[in-house]
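Several structures are given next for inspection.
Paired with chain B in one complex and with chain C in the other, chain A is shared by the two complexes that follow.
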Partner chain A sequence: MIDRRKFLTTVALGTASAAVLAACGAPAPAQTGSAENPVTINYTWWGNDDRAERTRKAIALFEEKNKDIKVNGNFTDFAGYWQKRATEAAGGGLPDVMQFDLSYMRDYGQRNQLLDLGTVKINTDAFDKSLLPSGQIRGKTYGIPTSTNAFAVYYDPAKLASLGIAEPDGTWNYDEFNKFLAEVGAKGNGALFGGTDYTGVWWMFNVWLRQNNIEAFTEDGKLGFTKDDLKKWWNLTADLRGTPALVSEERVTQLAPKSPFGSNVTGTEVTWDNFMAGYLADSGAKELKLVPVPSDDKDNLGLFLKPSMLMAASAKTKNKDAAARFIDFMVNDPEVGQIFKTSRGVPASKTQRDGTTFEGTDKLVVDYEKSIEKYLKDAPEPPIVGFGTLEASFKRVASDMNYGKLTVDGAADAWFKEAEDLIKQNA
Partner chain B sequence: MTTMATPTKPAAEAPAPVYNPKSESAGAKRTKSAIFHIVALALTGVVLYPALWMIASSFKPNSEIGGANTSLWSSNFSFDNFVTAMDGIGGVSTLQFFTNSLILAIGAVVGTILSASVSAYAFARIKFPGRSVFFGMMIATLLLPFHVVIIPQYIVFQQLGLVDTYIPLLIGKFLAADAFFVFLMVQFMRNLPAELDEAARIDGAGHVRIFTSIMLPLMKPALISTSIFSFIWSWNDFLGPLLYLNTPEKYPLPLALRLFVDQTQSSDYGAMIAMSVLALLPVLIFFLVFQRYIVEGVSTQGLKG
Partner chain C sequence: MTQSPTLSRRSTPSAPPLPRKSRQRGADARAGYTFLLPWLLGFIALTVGPMISSLYLSFTNYNLFDPPKWIGLDNYTAMFQDERFLQSVGVTVGYVVFGTPLKLAAALAVAMLLNSARKGQGFYRSAFYAPSLIGASVSIAIVWKAMFGDSGPVDQGLSFFGINLGGWVGNPSMTMPMFILLTVWQFGAPMVIFLAGLKQIPADLYEAASMDGAGPVRKFFNITWPMLSPVVFFNLLMETIHAFQIFSSAYIISNGEGGPAGSTLFYTLYLYLRGFSDFRMGYASAMAWLLLIVVGLITLVIFRTSKSWVHYSGDAK
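Moving on, here comes the complex of A and B:
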């Protein structure tokens, strides 16, 4: 994946040169199309073969319903996607409509690369009000969520049954969860570990902070938590490290790019609920189940829906209206929901969600998100610039800690130093 | 001559006999040769293991690739991955990706050969004002990291409306922008005896004649190494096509390969590996056909004229 620093330099360099070039040409007038002479918009997304196929169907449906617009689709893998966008942003050639990821929202939004979608007609009535802020920066809407995901604990019921362990019901505190991991690890007898060290996952830390009513980032883009909070968090599993409750970091590295859970090496995994299809395919398991994450406060699970992806438009698009109509169609139309099911995540718009029939795996994920509805809090705002680097270094430092190279205190010091340097750099 | 000690003789043996190749018995020779071959084969095995792993994995079901599966062969041997790989992606057939890659690679080879050889001739044989300055500048472009020029280049092609065509990917090859190849050929040409073209000049040949009739035939090894490198680099290029091509119908193989693996959804490692195996074939064939020239081409570079 392109690293954040390289990305920033690329964009910074490029925007400067693009600004010079842009000054030379007057803005083109908005175009409108007709059935005989349709306007063409470019739409780009990341994803695999399966998503390409589904998107092709959705585009065909859109073109059929909107004879005055033609949509040119193109796609790449996730890492290449952002390299390409960075170059295009610099050259002023961003596609009209783009699939977007939450962690890149602020970078592009703050640099005025994205169209303020509040200025065009997109219906957001069917959206949960707690979700929309995740596409907004300083009151301007740069992204509309297509779909959501939430944090959950995965487990394989068949594996638990074979070890004689009762299935969890998801009402547990950290102590109970740790005991559960230890039990799976002990009975797993070296073949099955309890789980991966969940304290190494940034988003789980974020959930825990919310359980303790701490915001991860302040309004002005600083860290909202202290070093002591982080030490407390990393100490949660201090007793489990090096025991069968947690799979060793060496093993995790050996298994990459597959996850330990997908490789049938751990009994549980704490991550986003939309990984279901991937885990099923990797592990070959018949059935996987989802339960809520542990919390020491029974009434505050700290959970939230995060947009698994958003739709955004380029600030320089010449076809604002066509772009807006396409975005509206992609996020709201029930038939689009039928095409994608939960492959983008659970549809964010109620119109789309209600118009889609979910079966099998899809139903599990949708039902899980329904079951945690009463615990949901506001979705996070777009993370601070450089968030990708912070998230990656969180994982790296935690992994060094699991290797035994760093103590909890040393790890907290190391991460805070990196984080503060990065925030200063991007301020 | 005591520099070569047989590995079979322990160093501690005393008194150390003076080594004499002539007195070495046939048996010792055979042991030495056997040990040499075993070591060489072991090293080859280590080096080739990833390729072997790739080929073996292309016949395995997706859930048995990587992760906790350490065995090389699977009992569930099947060609399914190749079938999926040949199915294409998002409505574009895999054959199309191959054709695109071939067009780009052959275009790159033709362009580089034509432009680099002519430029090299000018640098090596024609005395024109500022020659050394231009030569220095050309070498300087070798030191310029590709990433520095990405954005300016993209802006140029974007303003010219050439994005989503093969022109940005090929035009540099036809304009001798690959300084490495020009340099390689200049060095090669400088080693060719000047008497040859002086003789031709006396016979009344001009630059065009000298270049086509004398230089080109003599440069065959350099031309072939250039073709091979140029073909392989273009075949494997990911970033260029990623940045300049928008329509999936125009994608070459390296872009298509990535589309089987999506960390945010499910990954079909089997199909990706099967396609890697297929993508490797043309390069492998190209290399096998021309490999003896590679060694010749590169080793001649080192000879002093």
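Moving on, here comes the complex of A and C:
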């Protein structure tokens, strides 16, 4: 139950203590600090304990090199993260520096909540020029990518070997990939399913659209694909649903927030390549491998490097200079790369990438991104306002379809209705 | 009555009694309001204020970022074309209609068991009350999720008897029974009130009934139920209102998504998602006000019907 009084009391107390803290903290014209009198900036990110530990190390290193700045760190999980930012933005109190996601770039950037990083000093010389537009909206830079990730098919070689299935080489079309899933499911005999329904993942749909030379969104913020495109996509796995090729939606829900692949329930998974470390930890597998996603066009895999996360600053920050120096440090410093390895994705800045030694599984991820280099297209621009909602409803509608509550046509109708309503709402 | 010396010294006999009394009342009232002030300020600032602003926002397209723009009744009319909204109404109504009577029945049954004089009754009363103290907590929702999950204790227990339902958490048709069990299990608060009501029923009524040869069923329907009806009425009212507000357990068990297949998309959960995930605070405010109005109406209806089945002592019947 939402206890309104308790909720509001907490908000009130929080605001009051923030005001008090702000009063005792930085002196009023807080543009510059000194070693004796450092300025304090707030930094918030999403992640788990592992990332918290790495971030703590990175902050300590930054403070050591910049005695005039103190960084006050804070983190939550991904879902709670955006709910918190929304309330802070409404109250005008976003943290100075934030870890950001492409999905929410427009919601905040276009609504003047973020600092134009083009107006402060951040070195982007070492960045691939095709990547930077993903943090830019209408000529302004609201986010600097820390690292990149790309779509891939994961599999566990040991599990395939025990079923007597040859390892895939990643040159497959959808038909072949589906057959592969069916084979794993059939030989898995109830203990191992082929995979999860990959058509339920928005970004894989985006990859498929690009394989068909369609952009998901138009320049003016409308949908770039038709309902028929979506039906075609969801029909790709229609014959597999309800068979051992795909794990049932019941199991997926039961296992959440862990993934079926991380829980050793499926033989493959189609997702971002920087999930490697998490899957290894969850599944306890000795080794996991990555191959490219299927495509019906051998020369166009539709793949792109997406910023796995970006660094952004609040438009209202009083310490622009300190915020900029911290962002610059987090994206460019080789020692930061050494701390995070590929847990944020492959470092986007060449300085940072070259300064990091990748071994073991980290090397697998870096090698995968190198191997697909020749297929890569430009990173997508930040999607439309409200994209976070659309992405979530894509997953939800596909899940309802897998529960058998909706047909493919019904699901496409339902999603289009929500999407059109949202686009109209935000127009 | 003897007056205190201080008071008699201060008040002269010639003074008319009325103003003195009202002066005193004025002082009492001032003291009363002074003591009330902290709560009153909190009530105005933290309840009335936000309620008024949410009423205003419910007529706007407020999205947390841009200044709200007046859109009249659009939010209210849009709701009835929103399939997710209708789904959330269905889920919530099902929960209230099935969960509340079951919970009250459980509370009454246990209260009657605990009413008799028996050794260690105090212990049993505390033990049965305990779940409702912790029932609404986050940890219980997590425990519940684990208990009803795949190969959780419930699944294993049922399998032992040959019932293979699998995990309840991932099965859209089993999530509602799971939530109803969770609320029924927290019967402590209505149980205590029932128990107090049962203690008020004079024992000689039962004695007389026994003399006339009435069995336990007869006694229940002819003595216990009518005598207890005001308490039943109170509990029904409170538990119905309470049931409409279910949130935290649904949020935790469904990972804040209302799944599987929308089967746990309770009204308040959808309201929260609309406001804080979709940034449609105006719409969420409208939902909140609609809920308030509907709960108010239902309360009114329960009050109206109460005349025909609630008996107060001293009534003609």
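Remarks
FYI, the second predicted complex is superposed on the first by the 397 of 427 C-alpha atoms of A that agree within 3 Å, B and C clash if a C-alpha of one lies under 4 Å from a C-alpha of the other, contacts with A are read in each partner's own complex, and residues count from 1 in each chain.
We adopt the following convention: a contact is a pair of C-beta atoms (placed from the backbone, for glycine too) under 8 Å apart; a residue touches a chain by one contact, two chains touch by 3 or more.
Please read all numbers here as calculations on a predicted model, not as lab measurements.
In the superposition on chain A, A:P257 makes contact with both chain B and chain C. Judged by the touch definition given at the top, the superposed model places A:D107 against chain C, while chain B stays out of reach. Of the two partners chain B and chain C, it is B that touches the larger number of chain A residues. Legend: residue contacts after superposition of the two complexes on their common chain; A:R56 is shown touching chain B, with no touch to chain C. Touch criterion met: A:Q83 reaches chain B and chain C at once.
In the superposition on chain A, contact is made by A:A277 with chain B only, not with chain C. In the superposition on chain A, A:G47 makes contact with chain B only, not with chain C. Within the superposed three-chain model, A:N72 lies in touch with chain B and out of touch with chain C [touch as defined at top]. Of the two partner chains placed by superposition, A:A126 touches none, neither chain B nor chain C.
Of the two partner chains placed by superposition, only chain B is touched by A:G92; chain C is not.
Touched by chain B in one complex and by chain C in the other are residues 79, 83, 87, 90, 255, 257 of chain A. Contacts from chain A toward chain C in the complex involve residues 1-2, 4-5, 8-9, 12, 79, 82-83, 86-87, 89-90, 107-108, 111, 113, 249-257, 386, 388-389, 392, 396, 399-400, 403, 405, 414, 417, 422, 425-426.
Residues 62-63, 66-69, 89-91, 147, 150-152, 154-155, 158-159, 163, 238-239, 242-243, 246-248, 255, 258-268, 271 of chain B are the ones touching chain A in the complex.
Chain contact summary for the complex, chain A toward chain B: residues 6, 10, 13-14, 17-18, 21, 42, 44, 46-53, 55-56, 72-80, 83-84, 87-88, 90-93, 95, 255, 257-258, 262-265, 274, 277-278, 280-284, 308, 343. Residue ranges of chain C in contact with chain A, taken from their complex: 42, 45-47, 50, 61, 63-66, 83, 136, 149-150, 166-167, 169-172, 242, 245-248, 255-257, 259-262, 268, 272, 276-281.
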